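Below are two complexes that have chain A in common, paired first with chain B and then with chain C.
The block that comes next holds the complex of A and B.
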């Protein structure tokens, strides 16, 4: 029994090209166009990659948790697949955030690892996401696996606002947030802000591409599993895709 | 009203069962005592270091015991399939969760209250003026702990390697609770000013509330078969 060949849609290649191109342009803007910072000099260039990746890692957790909630609601395998794809990309971007943060903090704060609230809690987010994958590996039944991982992702999502609040209250070594989400105004140079926001969009585009590719793979896996159940003469549970 | 009665009945059942077997009590009391002693050896003989480490030591001992206590909460029920019976009760699943949580929280709070003077003596930590706030901090800190521990213990109860999986899953989530609890305790022990602990205690109460609402709302999904 062979799977129906799935044609790779042309727009996916366009999306991949656009993602790589915009990340390259973002790097160029950050490395060549951006003026050096008054205090940090050229080190500010690390910030463009670090901050954009950090923001997208939180976005990815949000996508994973929302898809998980959608899976709990209707039980469609596609939602579980999107949730896993979101969690995997969140893991990747979270790891990149930590690497970027360490690169940034060695020259500015003279230490690789500070027990700063944001850095610590990003590390915790990565640990929580790793927990999702450990638990998924232990459950065979797809519906239950999806439900349990969705539940863990909801708890991860609930702990993210505490992450943000903790950064406010613990007042440790992390540089003061330049963009105040509570409406205190922007304390960053206009050109720099434009380049930062461009980099955020580029990192986001890369995230969307990775997500779509991973969902395509995930859907094939669901299909293969369904065929395998049929071939085993099992319960023949119908998998709606 | 019957939901509350079911909740209390489940908590009462667990308390009585624990009073007879003393399985969790023995395990957590001895384990936390051993943790205190091991940490005392690890920290050396410098009295000043010991005093400053005391708040952290207390919460490390409580955190590790909390894992054991939560895992134990479902153990006796799972053996004879009693947990499935509990789930057939015509009450919201959240009532079952909150009943389990209540017992767990009570035992952890009492353990914390017992460990407090023991830690203060072993580590020579001054707690005199701040005892009421310390007792409140312990009650709120162990509540946050018990919420996450009881929730994840239900989630991992049917999985392989649950003993090692439970701490791996729950510790990253309880870190905000642990941080706030340690800072509140620290404000009294080394800061010597109970009023400094107030902000941390409020923060702790906020964390507890968020976790309590979220876990109660989604517990029924965890136990669904």
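The block that comes next holds the complex of A and C.
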């Protein structure tokens, strides 16, 4: 039994091109256009990559958890597919956050890693996201698999406000936020802020592209599974997609 | 068989999550103590490895580049302690910068073997002749 080939929409290639181009422009702005920092000098350039990727990792967890909640609500396979796509990108961006953070931390804070509240919560986020895929491997029944993974993702989402405010609430080695949405104002130079926000948009665009590609793959997998159940003379249950 | 491998991996992840939470709660909530907190109860920290955090007092930094001995005073503006550190100062180490030193007190001197920089969240291009905002730097310690 073969699946009908799915036509790749043109806008997806445009999205991919835009994502790569904007990341390249973001790197150029960070490496060439940004002024050096009064204390850190050129090391400030690593910040653009680290902070933008960290923010988008939070966004990815949000998408994964919200899709997970939608799956708990109605049990539609599409929501589980979106949730998994979000969780995979969140794991990627979370790992990049830690790698970039270590790169940035060694020359500025004089250590690759330390167990302060912010870093520990980020490590926990990445560990739980990895856990999602281990748990999914354990469960064969798609509905139960989706429910359990949605619950873990909700726990990860619940930890994010604590992570976001960790450097304000607890004493950490990690620097506090330069853009304080809780009323502390902005303590980053205007040009640097613009370049940072540009890089956040670029990392976000890359995330959207990865998410869409992964959802397309996931939907094909659901289709294949549904046909396999039919071929096995399964329950005859209609799989709504 | 596959199921057992996944189960073992799952137990491993849960164990490491528990370990991380335990670290976060026990160690990280108070990542370092301030000089004034040490002064309030010095007996509590006797013969214990602690992290002491504060601002590098201006005019107190001395570095012997032959013996790799760094000396300075760390302050939270209420209390000041002398620090002796073996090793080269990190790139961002300077007067009026936040630092966290790891080690223990010996006869009133904090002997450190790990010197970390806790820089402020102010990022800006260099300007000529502008003094550093000390109050803003002290705020970063809270």
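Heads up, the rule we're going with is that the second predicted complex is superposed on the first by the 239 of 241 C-alpha atoms of A that agree within 3 Å, B and C clash if a C-alpha of one lies under 4 Å from a C-alpha of the other, contacts with A are read in each partner's own complex, and residues count from 1 in each chain.
The criterion applied here is as follows: a residue touches a chain if its C-beta (ideal position, glycine included) is under 8 Å from a C-beta of that chain, and two chains touch if they have at least 3 such contacts.
Worth saying up front: this structure is predicted, and the values here are computed from it rather than measured.
Under the clash rule set out above, the superposition-derived model of chain A with chain B and chain C contains a clash between the two partners. By the touch criterion defined above, A:158 lies against chain B but remains apart from chain C after alignment on the C-alpha atoms of chain A. Applying the stated contact rule after C-alpha superposition, one finds that A:189 touches chain C and leaves chain B untouched.
With both structures placed on the common chain, the touch criterion links A:124 to chain B and to chain C. Look at A:37: by the touch rule set out above, it reaches chain C but stays clear of chain B. Residue contacts after overlaying the shared chain place A:148 against chain B, while chain C stays out of touching range.
In the superposed model, A:110 makes contact with chain C only, not with chain B. When the two structures are aligned on the shared chain, A:72 is found in touch with chain B, with no touch to chain C. Considering which of chain B and chain C touches more of chain A, the answer is C.
Chain A residues 120-121, 124, 127-128, 131, 134-135, 138, 170 lie at the interface with chain B in one structure and with chain C in the other. Residues of chain A touching chain C in their complex: 35-40, 43-44, 47, 107-111, 114-117, 120-121, 123-124, 127-128, 130-131, 134-135, 137-138, 170-173, 175-178, 187-189, 191-192. Remark: chain A residues 72, 120-121, 124-125, 127-128, 131, 134-135, 138-139, 144, 147-148, 150-152, 154-155, 158-159, 161-162, 166, 169-170 touch chain B in the complex.
Residues 148, 151, 155-156, 159-161, 165, 168-169, 172-173, 175-176, 179, 203, 207, 210-211, 214-215, 218, 221-222, 224-225 of chain B are the ones that touch chain A when the two sit in their complex.
Chain C meets chain A in the complex at residues 2-3, 6-7, 9-10, 13-14, 16-17, 20-21, 23-24, 27-32, 53, 90-94, 97, 100, 114-127, 140-141.
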